[in-house]
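Shared between the two complexes below is subunit A, which pairs with subunit B and subunit C, respectively.
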Partner chain A sequence: MSFTIRKQGEIVVVDVEGQLIVGNRQELKQKVLDELEKGEKRFLIDFTQTGYIDSSGLGVLVSLSKKIREQGGELRLANLNDDLKTLFELTKLDTLFQISDSRERALESF
Partner chain B sequence: MKDLHAVLAAFQEATQCPVAVWVADDKMPPTLAIAVSSGNVLSPDTLPETEQGALLTNNGQVITARLSGLKRAWMTMGPCEGGRRPLERNAELLLPVVNRMMRTGLEMEHTAAELAGRYEEISLLYTISEILGRTVALEEAAKTILVELSQTVGSRRAAILLYDKPTTMLYAVAAIGVEAQLTSIPINDMGSVAARVFRTRHLAIADASESTSEHEAVYSRDTMLAAPIIWTSSTGSLPLGVVILSERETGQPFSAGDQKLVAAVATQIGIAIQNSRLVRASMDQQRLQQEMLLAHDLQMKLLPQPGSLSADAEIAARVVPAESVGGDFYHLFRLSNAATGVMIGDVSGHGYRAALIMALTMSAASIHAQIHSDPSAMLAALLGSVREELATTEMFVSLFYGVINRKKSCLNYANTGHPHAFVLGPDGKCDRLPALDPPLGMVDAPPHAASLPWHSRESLLVLFTDGISDARNAKGDRFGEQRVLDAVKKYRSEPVEVIQEKVFESLRRFLGRTPLRDDQTLVLLRA
Partner chain C sequence: MAKMRVTLDLEIPSDVHEIERVVELVQKECRQLKIEPEKCSLNVPVALTEALSNAILRGNGDDASKHVRVRASVNKAGDMLVVDVTDEGPGFDLPSSTRNCTTAENVLREDGRGLYLMQCLVHRVEQFADGGNTVRLTVQRG
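What follows is the complex of A and B.
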């Protein structure tokens, strides 16, 4: 489980490897908040290498999205696998995020 | 020296001349070490410093001879009875005998004194082991240890200081000989010998001038010995504090033996501290486990008995928490003769915090369900009650709330992010009751509601949490919601309790011995 943060243009891209769960959600949150503190506004979390997100992980995504919006920024998601996509649809979380099927499309959409 | 005494007595008897041995310390005048009778001997201050000579005293002539191989010791012979002169020849014969026996005797005394000293040290270490072994709290034992240690080493002033991580200070757990208020020493205090010893983990002996710290002043006077308290394990060593001794009773410097002894005691204190911390942690763990068991009982008691609504509906409901306490719950409400309310919820995460949110949600729901017959209004009111708590804890609740009205043959429901809610109709068709809003606490907007037909005593409401559908076996395969629905469909004509058991049986078979990752809740209802 690890997070990689890199900048692509004006957008901070976070790759989540493995799972986003109760054990590592704070790490993701802190990394994103650190970037927000530095003045970054646009964030993309790429789940290409993510197998599972538990309810705590979902909570962190919503919390981060709120905090970024409060600073006038935006958090978008990309590359959810089929299970995660179903989860987002079944829980109506898809109404809270702009979700793209590829990183390129997500980057272009900002 | 008994043997020498016997020799001198025999000599006196044979020659009628008394013989005595005198010994003087560096700064002290000579004192009588051995004499057969003390009534007829020289006054010490008359002893010459010369090797050998003759003196005429008031009582007669005395021969004195310096003993060789000893720092300041003399043999005196005379004055003899009857005013006879002591024979120099006798003195020459006796001197080597006395010399040899005196040396042997003093060596034995010295060895005995050393052994006595070692015995005291061993005895101290044993006593300290006993004190530390008897007690769990080091603070209680610290004073006793300090008294024993300072008595053995001969220090009037002593203290045990332990490291407090949050404040990065060395604070006194015990002190003796300190009249002023005990002070704490910051570990980065460059003027403090104790702080330096803690940082370097090396024992130090320092003059009063070396300690310039105002925090340390109360603990040091004259020379100070400070030894680190270290706990060493296979993974490395950890400094825990410092033992300080100062103001020696003899005014003598601390010896190598003192250093070894204090270092040994400090090591024992280190082990005791770590043991005490482990025991405390274990006790805390036990207490926590007991509290968790109690919390589990309380949580299970919050859940209503399915039989409490048996006049209106057939209900089977079960929560299996992954930990002692969890975030899954269900609730049942009798709203009127014709209306039954049913709720299933899953608070994000599990453990204590989730259980507290669950309890808060359940108690608020009990009030709002009686006031608001419309599910969306009820969940809006519920959100108003728990919004702040959810926001501060960054938690949320996926919640389904349905009201079955048998008279109107309809099911009204609101669903905030709960993925697994179904109605199995009389035709065997299974309809999902999809989430209409994200989980409660994620958005501020009031939840929506929907309605569908309900066939009294035929329709079966099936609600479960993702702890069941997301459960994985040892191979990593998901149980999935279809397996739940297949079991429900297969046994749909059975009583709800039987259907429930069949679902859990199927789940158990699938999982084998894989431990639970999440709470598992299933509610089945016919009304």
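What follows is the complex of A and C.
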């Protein structure tokens, strides 16, 4: 599993490769918080290459969303597969996040 | 419980980095049983990850000297997989520990989704003491 961070214009894009679970969620959190500390405000997490997410991974997304909003920024999500959509629907987190079906649409939505 | 055939029996160190390896082994069992693809790719891995992380972090208190036992068994008809996750902790009460994470006041919380998800994703979740604290996940085909 790995997290890749790159800038596309004014937006920090994070690719999550593999699972986002209890064993690695802290790494994702720290990487995003480091960017937030540098002054970045707009974040997109792309789940194209993600297998599954557990409750601690979902918790990190909620936590990051709150912290980014507190700094006047925005966290959006893209490319959830059907399994991940089910997970977000079950936990009602689909009501909390703006979720796009493609990276391009997500980038345009900021 | 009807007679079951044990297909996997292992003890892992109490370390969250062991979780993915165990989940992969159980996913393999699911596929062999021809359990529906979405259960193999989502329901089982997420529910089992929750059970294992609870066992490691709460049951065993994140104590690396302790262990978690994982035992998977299959019924005679081959359409039901039962996974027992046993830690060295004192146990907990499943109903009173489960919170509905979808209410307006809980949806913004960072924690409290694990037991809820587990119960949404598999056919049955049970908890009992059996020489340790065991959480039993039952997954059925169909």
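Here is the rule we use: the second predicted complex is superposed on the first by the 110 of 110 C-alpha atoms of A that agree within 3 Å, B and C clash if a C-alpha of one lies under 4 Å from a C-alpha of the other, contacts with A are read in each partner's own complex, and residues count from 1 in each chain.
The rule is short, and it goes like this: a residue touches a chain if its C-beta (ideal position, glycine included) is under 8 Å from a C-beta of that chain, and two chains touch if they have at least 3 such contacts.
The structure presented is a predicted model; accordingly, all values stated were derived computationally and were not measured.
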{"item": "Fit-or-clash call for subunit B and subunit C when the two complexes are aligned on subunit A", "value": "clash"}
{"item": "When both partners are placed on the shared chain, which of subunit B and subunit C touches more of subunit A", "value": "C"}
{"item": "Which superposed partner A:27 touches (first subunit B, second subunit C, both, neither)", "value": "neither"}
{"item": "Partner chain in contact with A:74 - subunit B first, subunit C second, else both or neither", "value": "neither"}
{"item": "First (subunit B), second (subunit C), both or neither touched by A:17", "value": "neither"}
{"item": "Partner chain in contact with A:91 - subunit B first, subunit C second, else both or neither", "value": "both"}
{"item": "First (subunit B), second (subunit C), both or neither touched by A:58", "value": "both"}
{"item": "Touched partner set for A:82, first subunit B, second subunit C, both or neither", "value": "second"}
{"item": "When the two complexes are fitted on chain A, the stretch of subunit B hitting subunit C, from 93-101, 309-317, 345-353 or 453-461", "value": "345-353"}
{"item": "Residues of subunit A contacting subunit B in one complex and subunit C in the other", "value": "22, 54-56, 58-60, 62-63, 83, 87, 90-93, 95-96"}
{"item": "Contact set on subunit A toward subunit B in their complex", "value": "22, 54-56, 58-60, 62-63, 83, 87, 90-93, 95-96"}
{"item": "Touch list for subunit C against partner subunit A, complex", "value": "16-17, 19-20, 38, 41-42, 45-46, 49-50, 53, 57, 101-102, 107-114, 116-117, 120-121"}
{"item": "Footprint of subunit A on subunit B - complex, ascending", "value": "346, 348-349, 394-396, 398, 416-420, 434-439, 442-443, 466, 478, 518"}
{"item": "Residues of subunit A that touch subunit C when the two form their complex", "value": "1, 19, 21-23, 51-56, 58-60, 62-63, 66, 82-84, 86-87, 90-93, 95-96"}
